[in-house]
């Protein structure tokens, strides 16, 4: 069978011709699977939401509980991500720049929140920070309560979002040119000055990206949080739990509205992240 | 240098408290009533069926997303076409969607009041609160895992070898099997490793679509929740320790693979963050 | 088993940019032809079109008697060696070379025999079990060639075969490729931007620029008679002097005679190679030596007169004999040159006999 390729081409074609075979079938499978698994269900949810109309949607969203839980989710996520920016930077710096015993083990450990199932993290954190837990018992005499308070949510969010910041910042720290720092050192700058004026500005864009990624992850997280959170509406209840609560009551509409809200926030964050990354690319002259 | 020492200690202390301690506590609590109690918690029939269910779900999810990942990497990495970047972004979508929303999606499709709810109940097909629903939810959540590891790797490796194979007379399948696949092997394994870890450990999405009947429709993660909820703390941690061991194995294998292929990995990373 | 290649009116454009513009070329059976040109000249694109890795917008390509224009690469019987070798990184040297044979489902014994024969040809029998990453650049190049030959092609195409190698290896491989070609006599086409390489290796050279063929011919013919200033300058360094012809005499615009040429009166461009510029020490000489760079066997002398500079070249021995030194005054004798008239007229040989005679006389 002679495999034939047309010699005369259209002035514009949507794909660049290639001698490699298999484009059609693989693209078909890819698009089919994508539609079946991801796009289809998403379309269904949006269709459900559209069925409520704006007034229905606002009706669900503007209830005190939803708004209150949204505030809880946003503030705890923000707080956790912010703290992680500080400590994550230190961890990333230390792992990249210094060598010490068990450095490799520590580096691998950073990925633990990625690999550990959220339910396991959830019960571990809950038990750890409960008033009679290993850490909780140390803090109770000081009057600090973590578990079942918003503080617990922050702790859990810190656990799951740390790798996002460390792994985003690490490659940038690796790429920092020693020569720039050496030049500054020769000119008499102290290590602190070198860090603040030379290293930090270079790392800042990736820190922001890491923050955004961490923030996004914190908002959507469920398993690690619900055990340690008090789950008191508007005080220590996160939005994902609210969706579950609505579904338990067979309130599909309510759940859908909140789900769409979460999607909207995720997309906004995704857009921000992409813009940040494009900015980073431009700054680095790529 | 004092500041260096201080930084290292701070970093390690932070990691010890926030990362290591929770991990250790899992095993400590699991064994807190002795090995005997630990063993009996594991061999409990409900736990056994949870293990079984978890394995089945993974056994369906991972190969499905593996095949998808391979197909996606071929058409995306080897060809240039309009909409390619959009396709990559769409594939990454499940990564940024909350697992609870993933479960919600399945419920809206297959639940009693869902789109297909009536049709399903007429035909006596059970998706939500049963295995199919849990599988679908897990597939959704782990959808991009293999693809996002293999696509950049395939892009980094370029088309030269494949084009050479064409000039030497190879057919499409021959090129894929003999030339492309061997190059991508470790990337595929890496993706499968991460996909599997997530599939076995998934909680949020499966929790929404599962019937939550301990012993029937509970995966290991859900079993942890069930046991913890009924105050069988030690048993809950025993089951959790199984998942924690899975996580540790995953981490070790991940680190080994990253070490063995660090050169290629660095080239790919530069492309990603650049 | 060798065949000729006929390229007729082939054009190719990318994104509105013309890469090949109505190219016509015949590669004769069994010849070793070089496609020479600067980057962007379209030479690699042409090679890929012949291989079938790309399709022309218009025109046809015939390999032997068959019109191959719409044929898939594997049906064209071409062997292609990529610029960066494209060896299969997960296969040993043996497996790489055996690949085309395995594809055709040849028998094990047959494969073994053929691969060993090729390994002997490329002189790498001892490295059969190594992986590409363990080989040097020159060794990888040879394996790539053997792999292309294993499919018994009618035509062999090489894309900048020695581009990524250092000078010594390049020279050795060049010699080796020539020797191989003489043994196997497969029609071979190779792409290069290195003029020395093309001229050293090829039976015929085709010079390309901006998607068009500027000139084709044997190395000697081209060197003696470059078709236009671009070819002349591409072939090697030369001094470019704007000049004019008056009554058959060529005078540089800067005001000194160059020689005579059979051209009508008018402005011309003169190109004189450094070794055709001969400085002669003269106390009242109009030229002065700015710098002498004696780099090994060749010496280069920079001369200046008024606003004009010339580069002269001679062997180190000749330099010694001539007794030149920096800052010294010299007269300049021209022993050859090429003249191009306006509107693409030329090349015309610069006749320097009379002038040289005059100088020698006093």
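Which chain is which? They are A, B and C, in the order written, and residues in each are numbered from 1.
Throughout what follows, contacts are C-beta pairs under 8 Å (C-beta built on N, C-alpha and C of every residue); 3 or more make two chains touch, one makes a residue touch a chain.
Source: prediction; values computed, not measured.
If you draw each protein chain as a dot and join the dots that touch, every dot ends up joined to every other dot. A comparison of the A-C and B-C interfaces places the larger number of contacting C-beta pairs at B-C. Note: centroid distance chain A to chain B, computed from Cα atoms, is 16 Å.
Per-chain Cα centroids separate chain B from chain C by 56 Å. In chain C, the positions touching at least two other chains are 52-53, 73-74. Multi-chain contact residues of chain A (touching two or more other chains) are listed as 19. Multi-chain contact residues, meaning those touching two or more other chains, occur in chain B at positions 163, 166, 171. For chain C in complex with chain B, the touching residues are 51-53, 73-74, 78-80, 82, 84, 86-91, 99-100, 102-104, 147-148, 150-151.
Contact residues of chain A toward chain C in the complex are 2-9, 17, 19.
By the touch criterion given at the top, residues 52-58, 60, 69-75 of chain C touch chain A in their complex.
Put simply, chain B touches chain C in their complex at residues 160-161, 163-171, 174, 178-179, 182-183. Within the complex formed with chain B, the chain A residues making contact are 14-16, 18-23, 25-27, 29-31, 33-34, 37-42, 44-45, 48, 87, 90-91, 93-95, 98, 100, 104, 106-125, 127-128, 134-135, 155, 158-159, 162, 168, 171-172, 191, 206, 216, 219-223, 227, 240-241, 243-244, 247, 250, 252, 255-256, 259, 262-263, 266, 269-270, 280-281, 284, 286.
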